[in-house]
Amino acid sequence: MKLDAKIPAGELAEKWSNYKKHAKLVNPANRKKLDIIVIGTGLAGASCAASLAEQGYHIKSFCFQDTARRAHSVAAQGGVNAAKNYKNDGDSVYRMFYDTIKGGDFRSREANVYRLAECSAALIDQAVAQGVPFAREYGGYLNNRSFGGVQVSRTFYARGQTGQQLLLGAYQALMRQESLGKVKTYTRHEMLELVVIDGKAKGIIARDLLTGQIERHAANAVVLATGGYGKVYYLSTLAMGCNSSAIWRAHKKGAFMSGVSWIQFHPTSLPQSGEHQSKLTLMSESLRNDGRIWVPKQPEDKRILKDIPEEERDYYLERRYPAFGNLSPRDIASRAAKERIDAGCGVGPMRNAVCLDFSKAIKEQGKDKIKEKYSNLFTMYEKITGINAYEQPMLISPAAHFTMGGLWVDYQLMSTIPGLFALGEANFADHGANRLGANSLLQACVDGYFIAPYTIPNYLADELKAEKITTEHVAFIDAENAVRTQLALFLKINGHLSPDYYHKTLGKLLYDKCGLSRSRESLETAIIEIKQLRESFYRDLKITGDDKVNSELEKAGRVADYLELGELMCYDALTREESCGAHFREEYQTADGEALRNDQDFCFVSAWEWKGNNLEHELHKEPLVFENVELTVRSYK
Amino acid sequence: MKLSLKIWRQESFDAKGSMISYQLDKVSSDMSFLEMLDLLNEELVQKGERVIEFDHDCREGICGQCGIMINGRAHGPLSNTTTCQLHMRSFKDGDTIYIEPFRAEAFPIIRDLKIDRKAFDHIIQAGGYISTSTGQPPEANSILISHDNTEAAFDAAACIGCGACVATCKNSSAALFTSAKITHLALLPQGKLEAAQRVINMVDQMDTEGFGHCSNTEACEVECPQDIAVLHIARMNYEYNKALVFKP
Amino acid sequence: MSGTGLFLCFFLIIHLLGNLQLFLPPEQAREQFNWYSHLLSGNIIIKTVSYVLYISIIGHTIYALIITRKNAAANGTKYAYDKRGTASVWYSRNMGLLGTIIFIFLIIHFKDFWYQYKFTDLPLDAKGHKDLYTIVTKAYQQLWYVLVYEVALLALGFHLLHGFFSAARTLGVFHPKYVRWVKTLGWVYTLVIILGFMAMPIFVYLNGLS
């Protein structure tokens, strides 16, 4: 199969306008005849559902949480980027495009990234109109701050809860459409199967988590906005319920997966404190604006951190990357931290953390100013660790955070299954091999508010004439049976190990062998071990309870998918014999430990095709063509 | 440490529930409260028993999905903290801990500690938004908003919708939740045009959902994880009274 | 609740001011107090106000009963273990109980003074006014009666302490500056009213002893 990204013709800056000019439209009177299913109510899902409902389509919106407002976009802290150039510091759409494509280590499409930067300004307008309380200056104008990986201030923020505020804006827009009868929300519903008829996505099978009922839902298009799968590592900054099941089950129905092993580790998470831990809490990257990162120069330094004198501290980011210092991009900051921790210089009870120190900022700006900027983060830190970070350095460490990879989509965000769209973190599109801070909220919003509302109607225009599918179609019956069989199987195995056991074991395995750095050897071992773990899962799994409200049963399905996805991650990492962005292969590095990219052989997007249970995936390649930027070594020195 | 737990178990919405006792050893003080429940559930799986169903998701205090009564208080003994941010260092070896769902007629129990908070969605649907559609907005800096108003609007908008205010209120009133959204939008110029209709619709919906009346005991502010101020309730009343008086 | 409550608060001020005459030397007090009582019962404006007062008391009570029932319905099933009280002050949670004590007290109060004055033939004083003063002072010669009054007034005090500021909230006083004023005003008001009223029975009782 030949992958066609369907990138519009014309100059880079003209492509999106060209697309919009020529996109097919649906007559307003016909829109209400078309049903669209949107899975996920995060920024991408809620904004897409609301925007399409505003146009007049009939939307069914699904989420597994108890209300749409809880989707994990809510937890994004730092901010959202936009090329408004309000600070007059040289920002422009082109510069933002360039920063993003360079930040992604030249592993994303020029056209997609340019569109992201181009639509960024409109998002701020949109959010302000919805009532998002972005930070303001005393004159009433919007304020900005700088973020990792760039040299301008283009990040808009609402204290440390930008994701929450943006999400509430989208959620409120969704609730407005629900009150108008344009959207029907299905909360506490989990999509368990995609229904494909004649090669097109035509509906889903969902399970009502309140009753255990299996439901069929038909539609003219299906949108997956289900977020990332970083929870595959078990310990991550993601919510407990974040999962890959919707995209993975779509993948098994024919949608290709791309950049599967490109997973960003966030440098400023709280370190693991024990075996019981279920979650690593993120501290916003914005803290790096004022906090300085260091470790003791001497390994195994057991002194109280405050007592270590200035000259015995190693400010390793400032040392290694003088131009960007503490604001180096996430992949670089995370890897540098891992390097120091592995060298024995880690701090904290498990020696698995580095210091984020505010003493200098407090001395220079005063405690009140720091409080105004970060009080909620400092409070959160104290709640979790019991430590006052105004007095002592914070302890931070890298944690699995964001998946650049996801379903392969073309320029229209449509997967390889016609009628199946993937938005936000669920697709692979815009971030390449590494995402810049404050670009994820942006991408989710831009996909949902501005792109899908053009590209989905373009697809639907031809669907009007298509035969109306009902849920009585044999494909629905088959899909429902498959779901029922799997659920019954989980309940029947009756072994002795819980889904959490498998999740934790898989997570540890992936963290060690396919985490911040990987090698051929580690990946090959991981593949064997994952296969064994999967066999054990289907032999020794134990689920108690019934098929109604049963969180263990929900977990089992998600872990089953992770056990397959994890293996593909390893294959993806194994076949990419270079280091780029978040993907660091130990065999491919420079003498001073920096990533060594190979543009000759690997300037492509991997697109993996599912071939069947226990069969190897087939790798397709979408070559990346760069016409506007020169591929340079990504240096932040 | 060792704990005795007394946990509310209830099969379904219409079933009768009761407090069941459990013993749990090997609890570490670094654990979060929900990780302690994970540990208990792991033991229940090993014993072949149905696990305790409880709501949780982000486990960092922002999604609002977790929320249980711990020792008779919403989200447990600490003020302004979600259940997921409560850690076992707040308890002592040998403690007995009572764990119940948030209770209110408008929050039916689904199973064990899981409750249904759809009523909150209905209140937002009644008017908790600014009626703007994608594509309409003017340039962001054309709407000037003072620094202080923005900060005040943020303080209200920070509500996570967990329902602790309702659970801790002796009247099961949703006044704090509803007023937080009303204040957030009433403080912003974009939200002013619809303010009168919004407050009337949302307050009416709050009553329709079966929440009680606010009698200003201020307990909600103490338990609210986001420290949402009770003064928002006064502001909601102000907006409501104003709307009633000046309604055409 | 806030409207009727605040009117009752206002009435208490008038009531207190009038009753301060009890603190005058006995003979002067008798004359003034009886003259004042006569004035209140005759004046058309005062009469209107008194009807508003009756309506307020009844309205305040009935509405309280309705709200209490609705709130009980909103509560659903009870908590098996309830320590919610730690998050608020006791009197704010027990307005109903305090209100009931006040209501029972009012029945006694009305029966002993208001009813007697209005519907029975009292002896007249030197000026020809009904001699309520004697009725009042006689009542306060009994220690148990004084104690009942003191307890009821304490209940009223706590009821006012929460009620005054709660009413302001319900009417929509949200600005932090004015909220502070209202809180202070509420305390001053409550202390003056309650200490004033509490002093009267004690004063009369002690006067009677000496």
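Per-chain residue numbering starts at 1, and chain names A, B and C are given in the order in which the chains are listed.
In this section, contacts are C-beta pairs under 8 Å (C-beta built on N, C-alpha and C of every residue); 3 or more make two chains touch, one makes a residue touch a chain.
Predicted model only: the values in this text are computed from it and were never measured.
Novice: Considering only mean CA positions as chain centres, point out the chain farthest from subunit B.
Specialist: Ranked by distance of C-alpha centres from subunit B, the top chain is C.
Novice: When the mean CA coordinate of each chain is compared with the mean CA coordinate of the whole protein, which chain is closest?
Specialist: B
Novice: Could you please state the distance in Å, as a whole number, between where the Cα atoms of subunit A are centred and where those of subunit B are centred?
Specialist: Here subunit A and subunit B have centroids separated by 27 Å.
Novice: Can you give the whole-Å distance between the Cα centres of subunit B and subunit C?
Specialist: Roughly 38 Å separates the two chain centres.
Novice: So what's the Cα centroid distance for subunit A and subunit C, whole Å?
Specialist: Taking the average C-alpha coordinate of subunit A and of subunit C, the gap between them is 64 Å.
Novice: Would you please write down the residue numbers of subunit A that are in contact with two or more other chains?
Specialist: none
Novice: For the complex, give me every residue of subunit A touching subunit B.
Specialist: Per the stated touch rule, the residues are 47, 50-51, 54, 65-70, 72, 74-75, 84, 86, 122, 124-131, 133-142, 158-159, 161, 164-165, 168, 171-173, 175-176, 178-179, 185, 187, 210, 237, 239-241, 273-274, 276-279, 281-282, 380, 383-384, 386, 449-450, 453, 496, 498, 500, 542-546, 548-552.
Novice: Provide the residue numbers of subunit B that touch subunit A in the complex, in ascending order.
Specialist: Going through subunit B, the ones touching subunit A are 12, 28, 30-32, 34-35, 38-39, 41-42, 44-46, 48-51, 53, 55-65, 78, 81, 85, 87, 89, 110-111, 114, 116-118, 120-121, 124-126, 128-141, 143-147, 150-151, 153-154, 157-158, 160-161, 184-185, 188, 190-191.
Novice: Which residues of subunit B touch subunit C in the complex?
Specialist: 6, 8, 19, 69, 71-74, 79, 98, 100, 103-107, 168, 170-173, 210-219, 222-223, 230-235, 237-242
Novice: For the complex, give me every residue of subunit C touching subunit B.
Specialist: 67, 70-71, 73-84, 86-89, 92-93, 95, 162, 165-166, 168-174, 176, 179
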